[in-house]
Every structure is written in C-alpha cells, then in structure tokens.
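First the structure, in the form of structure tokens, and then the observations on it.
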Amino acid sequence: MELTHLDAQGRASMVDVGDKAISRREAVAEVWVHMHPSTLQRILEGGFDKGDVFGVARIAGIQAAKRTAELIPLCHPLMLSKVQVELTAEPEQQRVHIEARCRLDGKTGVEMEALTAASVAALTLYDMCKAVDPAMTIEHLRVREKTGGKTGHWQHPECSP
Amino acid sequence: MELTHLDAQGRASMVDVGDKAISRREAVAEVWVHMHPSTLQRILEGGFDKGDVFGVARIAGIQAAKRTAELIPLCHPLMLSKVQVELTAEPEQQRVHIEARCRLDGKTGVEMEALTAASVAALTLYDMCKAVDPAMTIEHLRVREKTGGKTGHWQHPECSP
Amino acid sequence: MELTHLDAQGRASMVDVGDKAISRREAVAEVWVHMHPSTLQRILEGGFDKGDVFGVARIAGIQAAKRTAELIPLCHPLMLSKVQVELTAEPEQQRVHIEARCRLDGKTGVEMEALTAASVAALTLYDMCKAVDPAMTIEHLRVREKTGGKTGHWQHPECSP
Amino acid sequence: MELTHLDAQGRASMVDVGDKAISRREAVAEVWVHMHPSTLQRILEGGFDKGDVFGVARIAGIQAAKRTAELIPLCHPLMLSKVQVELTAEPEQQRVHIEARCRLDGKTGVEMEALTAASVAALTLYDMCKAVDPAMTIEHLRVREKTGGKTGHWQHPECSP
Amino acid sequence: MELTHLDAQGRASMVDVGDKAISRREAVAEVWVHMHPSTLQRILEGGFDKGDVFGVARIAGIQAAKRTAELIPLCHPLMLSKVQVELTAEPEQQRVHIEARCRLDGKTGVEMEALTAASVAALTLYDMCKAVDPAMTIEHLRVREKTGGKTGHWQHPECSP
Amino acid sequence: MELTHLDAQGRASMVDVGDKAISRREAVAEVWVHMHPSTLQRILEGGFDKGDVFGVARIAGIQAAKRTAELIPLCHPLMLSKVQVELTAEPEQQRVHIEARCRLDGKTGVEMEALTAASVAALTLYDMCKAVDPAMTIEHLRVREKTGGKTGHWQHPECSP
C-alpha cells in the first residue's frame, strides 16, 4: 500500500476521487485539554452548561471544520452536512474532553474535518485560559471512529473491545 | 487573576491591547505524532531531509500561523516577522517531533500562532499517512517557551531545570 | 417548534441536513441605503447604469454570498448556482435599493446567502461614500421571498397581497 | 469634496493612507433586529445573559470585524486592538439591540469594522431563529459615534443633543 | 454570442448554471517562468526532483486552485476532485515549465482553477528566488486543453496539429 | 548570495524581517492579456472607461493584493497603504495592459502584492471573456520597478534607459 498523496515520483498531489462512490460518511475525533484544577474550576464557575468558554470553543471548532481544505493542503473541498462539537469537564482527571463529529454524503472521508474541529476547539480553550494557566497541554488527539466509504466501520484499536 | 477574554458579565470579547508596549516576542510550541514504525519508515524512505511529506507539513504549518486570528475567535490579527516549522523523525520512539517558532515585534504574544502552526503541521502529517495508518495519534501539544512582553521569559514547568 | 440550531441541551451545532431532499431553492433579500440627496446625486453623476460605486458594491455582494458559511457560524457550506445583485437609485426617497437573489440545487435554503450579499453590498456603498456622508443608514434588511424545500413558496408578510 | 475611493477618472482604487498620522481611533456601530415577541421569548428562556444565541452572534460579529478588508473591496487591512459586541434584548419594542465597538492605533478609521461586526452579528441572530420567525427584519444600521483621526469626535446627527 | 458574465444591461452577475448537465470536466493550464541560468542552477542544485523550491510552489498551486472562487469574482464555488501541479526545469531555454491539471464532476468548467493554480505556483517560484533574480518574468499563461461540458474537447489553437 | 527562503538545510521557512528598517516601499508590476480583436472590441463597446469588464478586473486585483500572504506560502502578512490597478486597451497590439501599484510603510517589499494584483486582474479578464475567446493568453508578467528598502530604486533591465 502506498502513501496516496504522493504520485509515482514521490511528489505531492491532490488525489483523484472522481470515481469513488458517494456514501454517507461520518467520523468522530477526540482530544483532551489538561489544565490546573483551579483553571477548570474557574471555567465551571462561569456556569458549566452554557459557560462562555465552552461556547466559544464549540463555535470555533464548528467553523474550523468548514475550513479544513484551506488548512490541510491536500484535502478535498467538501460539503459537510453536519458538524457537532461537545466539551465535557472531567474534573477528577483535571481535564476537558472534546469530541467532534462530522457527517457528509460524499466521495471522501471526513476524519480530517473532525480532527481539525477538535484541534481548533482545544486551541481556543487554551487561548481563553492561557493568561491564568500557560502550562496547559493538549493530549492524545485521534480519530476514534469512522463509517462509510470502502472501509466501512473503523474504530481506533485502543477503543475496540 | 481573571480569565481575560471574558468581560465583567462573563461575555467573550477581544481584549484591548492598545496600551500594551511593543516588544519583541517569540514563542516555541511543540507536538509529537505517534505512528506505526512502518509508517515512519515509509516517510523516511521518501528521503528524510527533503522528503515531500515533511515538506508539505512544514508549509501547511507556516501558512496556518498566518491565519491564526481567523481560526481562534478572540486572537488579535498580527504581523508575524518570522515563522519556522521543523519536523524531526524520532524512530526509536516511533514518532515525529514538530516544533514551531514564531516571532513578532508587537503588543501581543505569539504562542497561539506557534501552537496553530504545530497543530496544522501535525494534522497534515496525519492526512498524508492516514491511508496506511489511521490509528496515528497527536500527543502533548504545548507551549515550550516564550519571551517578550510583561512576563519576560517563560518556560513550561516540565522543561525547566 | 424549536430553534433548530440548538441541540437538546441548548448548545449550538450545525444541524444535519443529510436526509433532506435536493430541490431547487431560491431566495431574494433586499435592503435600502438612505443618504443625503447630494450623495446620491454624486453617485448618479458618475454615470448611473455603469457607475463605479454601484459596480463595486455589486461585485462585493456577489463575492460575499460565496463566503456566507465562513461568516455565519452555523451555516452549511453550499454550491450556489447563481448570484445576482441589483442596485437601483430611488432619488425621491433619497435612498438606494439593493436586491440580492441566490439560487441553488441543494438541501438547504439560500436566504442567508441572499441576506449576506445584500448586507455587504450596502456596507460597500457606505464605505465608498462615507467621506462625504457618514450619517447614511442601512434600513430594513429582510428576506422578501423564497422558494424550494419543504416550505415551498414563502413571501414576507409585508409583501403579501 | 470628492468621493475618495474614485480616482480622477472615476475608477475605484484603494486610497493611499501612507501619510496619515497614527492616532487612536474608535468607532461604535449599532443595529436592531426586530422579531416576533415569541421569538425573543424563546431566546430569553434559553437564559438571557449567557444564552447560546447571543453568545454565537457575539463571536460571529467579533470574527467578522477581523475580516472586513476581505469583504469590503476598498478597505485597508488593519490591526484592530479591540473588538466588542453587545446584544441587549428590548422586549417592549420586540427587538434586540446590537452594538459593536472597535479600536485601533492606526492611520484609518474603524467604522467599517464596527459596521461589519454589527451586521454579521445581526445576520447570525437571523440565522439561528429563522426556522421559527423568517419575517424578522434588521433595522437602522448606522455608525453612532467615532473618534480619532483628523475629524476628531463625530456623532450621528440623530444622536446629538 | 455574448459575454456571459454581463446581464442584459451590461452589469456583472454570476450566471446561473443550475440547468447545466453534470459531466466530468478537466482542464490543463500551463505557464513558463524565465530566469537567469544561474538561478535555475541554484534551484536544481538544491536537488531537482524533490527540491524544496519546486515542492513549495507545487503546494501553493494546489491550494490556490481550491480558492479560485474567492479570487475570481464571478467564478462558481465548486468541488474539485483532483488537482495536480507539475514543475519541470527546461535549462536550455533558461526557464521552468509549470503545468496544472484540475478535474471535477460538475456543471462548470475548471479552466479558471487550472489557470489559478499555475499562476500561483509561478508567483511562488518568483517569491522564493526574487532575492537573487528580481528580473524573472512569467510568460505565456494559457489554457492548453479542456474536456467535458457542451463544448467537449478543446485544444489551444497553437497546440493543435 | 543565497535563496533566502531556504534555511541552512535547504528547508522552506518564513525569514525573519524583525530587524529590517521600516521604510516607504512601492512596487509596480505589469502584464498583458492578448485576445482576438473582436473580443477587445466587445469589451470596448461596453463602454471603455467605465466598462464593467475592466471594473470587475480592477476590483479583483485590488482584493487579491490584500490576500497575497494567504496565497504565497512564505510571504509576510503586511498592511498595504495603497493599491491601484489600471487596465488600458491597446487595440493595435490586440491586447490589454494591466498595471498594479502597491505601497507600504514597512519592513518588506511589496512586489509580490503587485504581481498578485496584476495576475488576478488578468485572470478575471480571462474569466469574463473566456466564453467567446478561450485562446486568450496572459503574457510577460514582471515587476517593472520598485523603490524602498536596502536596495533603493530598482528597474527591470528591459525598462532601463
């Protein structure tokens, strides 16, 4: 199997997806933002469910998903039918969990869109809290699951039963 | 100390930096992409120093740094004077190390620009190799160091002596 | 009936349109720019039908329609098949009328695209004339009419017979 | 006095601001979104101060301010030092008031940035509520006040004492 | 035959392609960058096949193709299925040949996308070498060939047998 | 002298301009669009000085200048103080001449901005006339002159006395 983004001479190109079948494709990506307990506390005190910090990060993630093809050079432009970003505080682990879910009826997968949404939501969280906690880290970004296309259902090995 | 992106009512705003002093500011962010040993092998066989995979990721990271204010809602637009992205294979740890360095003479720090550059370089690496290794993970994104502004020199606690 | 952009917990998301039927959709939005009679006179003296002020505003509106999904966070990206922006001087009322018409064969309506085109054309008009008439106002932006989708033909109540 | 965006032959150009002095400039724009009382009621029930609808509109407005030079053809790119967008329900008048405030230390005014922020916040409000109330209208967008530059302080005639 | 981008009154609009048939469309554009022999020599010494200069230009061209509708006011947004950019040194003629190939299953041709990709790749080449050779010129940009749509196969007259 | 966009290992980076002096910089780029005499005739019949074809191309060029740093990977973001694009019919040579002039008070030259403006204006001209004359060619794009910076005044050798 070859790295599909390189042509026969090893040069980058945007591969042809013209002959691929249109199918419903969905991908879920996730990432964790680790922070000082007092930082998480502040976010939660702002009001957890509707707190502005999570709200801004959610919107930033959704918007970033739509711009994936501008950011990742060899991604195809595509027409997302759904983008959802969820942030959940995990105070016991001193972190926030971010999950991004993208859907499309199209010829290419949407894992890059889900990864981009999760990344930018995490970066936005960092941006809003960095004045009080610059040592925050963004951990373990990955595709957790995807469906559709030739491969069908795929789950990250760490998540499989 | 307050979360500076929220006003007195807890609402998001882009904070005023008009009265801050102009100083030289620099930030370094880093991240690791973990992959299957055979994936890294393929990348290296394409020719390590000039290999297209690293080359494309480097360019994607540099370009993303310039678009940080579009992606992160409360970031100020700014005029980066330098962006550098370096990718280094760490075959023993089965991973690639990415380091992004941004510089500016201005009123705000550039850590978000460095983090965005490192993130997008990592996502581009994922994109180019995902057909052979979808289980890759992107680990431990953080600001390693920054200088300039009122804070002066700051180093991530994990990196301090 | 619910605000469809909020999920069960009241959080913003980009709603799934994957199961909606593809139909031809069209929307017309309109807005008025009120100005000093002498401002309108200057614009008209530049040559009404082909005058540069109207020409620049028209182009700005058309281009903005294509970027709606970047500006409005929860809008879906879509593939407009037609965008038309018309500016008409209404000297008796001391104003310019702007009408934007968008069309698409797709799963979502195009009223946001028409509203965005009309808005940006109006802002461009303001920009080009603000040195002589900063007190101009932009009035009564609305969707006048739309067709296609489940709702079929809809007309703004004020415009109905 | 001439329309400054047209050259001697009446052709559009981006005027030279190179010789203008740098000064602190600020502009405030405002607009009203009129809606059915039950629509406003729904928004408020979502929780007024931190409600997601207002939160999303605020973020959209802030981000749009940063992209003004991309949307308005003859605007200069500039480095906003502050953007603030406020939404206030005015239930007695069945409308929402939106105010956008931009600040800059630079050579050109920021009224276009303030107008763009207010417009896009209003459009986002429309987008989020259009399923229940497509007849909403966006009314009376204007610059209310600005300071800085050669003109100094300027207030919209309707707002002056 | 009329200039299709102007309506009956000679005003610009984005023409309706809603009723056009979907077909596979492909276009090839090409351009040459002329330079001092020693400039080309330096590029080649960096390692011809994978040299960074060509690599960066290739990526810039691919990314630009995806943004054509943002740059060219009356272009329709579209969903490219393939973009390929090739750079070839022609040392005897003291120039570099750039060829861009775009493909789409859609309602409009992709010649503007191919021309934009070739242009931006050439500009990037200029940018990277301008410090040593500011007198470089970019020559003879054209569509060489296109297929699909009502016209079927078309070849530039200079290239026909 | 080295290719300044490559670091010691031949890898692309955005070079540091932090220590360069701020000076007034100006650059002029030019290009010619060759076309069938009847194509030029049609454009001119639309009314030469204010004809929509030239008007749209002018606006497209101005807007593109502002986005140069997004298109050309290693260009610095900068704050243009002036952009001017002029189109002149040269019927005897069956072509249109396009000249773009950019100005800045800053640390880097603006020749890439002028070249980008001229290119995109030429591409827009092609786009608007391609239905009647797909064989048009875009010829001899170059920097004609620039001033400012360490180099001072520079003129293309072909244009020097």
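Should a chain be cited, it is by its letter among A, B, C, D, E and F, assigned in written order, with residues numbered from 1 in that chain.
We take it that contacts are C-beta pairs under 8 Å (C-beta built on N, C-alpha and C of every residue); 3 or more make two chains touch, one makes a residue touch a chain.
Chain labels with UniProt names: A, B, C, D, E, F = Cyclic pyranopterin monophosphate synthase.
Note that the structure is predicted; figures quoted are calculated from it, not measured.
Chemist: Need the graph distance between chain D and chain E over the touch network, please.
Modeler: Steps on the shortest route: 2.
Chemist: Within the chain touch network, how many edges lie on the shortest path between chain A and chain F?
Modeler: 2
Chemist: So which of E-F, B-F or B-E matches B-D, with over half of the contact pairs the same residue numbers?
Modeler: It is B-F that repeats the B-D interface.
Chemist: Which chain lies the greatest distance away from chain E when centres are computed from Cα atoms alone?
Modeler: With centres defined by C-alpha atoms, farthest from chain E sits D.
Chemist: Among the chains here, which has the CA centroid at the largest distance from chain F's centroid?
Modeler: A
Chemist: Examine where the copies chain B and chain F touch and state whether the two sides share over half of their residue numbers (same) or under half (different).
Modeler: Mostly different residues: under half of the interface numbers shared.
Chemist: Using mean CA coordinates as chain centres, what's the gap between chain A and chain D in Å?
Modeler: 31
Chemist: So what's the Cα centroid distance for chain A and chain B, whole Å?
Modeler: Whole-Å distance between the two chain centres: 16.
Chemist: Give me the residues of chain B that touch two or more other chains.
Modeler: 10-12, 47, 50-52, 55-56, 59-60, 63, 67, 70, 73-74, 78-79 - these are the residues of chain B that touch more than one other chain.
Chemist: Which chains touch, pair by pair?
Modeler: A-B, A-C, A-D, A-E, B-D, B-E, B-F, C-D, C-E, C-F, D-F, E-F
Chemist: Where on chain B does chain D make contact in their complex?
Modeler: Chain B reaches chain D through residues 7, 9-18, 69-70, 73-74, 76-79, 107.
Chemist: Which stretch or stretches of chain F touch chain E in the complex?
Modeler: The touching residues are 1-6, 10-12, 31, 42-43, 46-47, 51-53, 55-56, 59-60, 63-64, 67, 70-75, 111-112, 115-116, 119-120, 122-124, 126-132, 134-143, 146, 154, 156-158.
Chemist: Any idea which chain A residues touch chain C in the complex?
Modeler: My answer: residues 24, 49-50, 55, 58-59, 62-63, 65-67, 78-86, 103-105.
Chemist: For chain B, which residues count as touching chain E in their complex?
Modeler: 47, 50-52, 55-56, 59-60, 63
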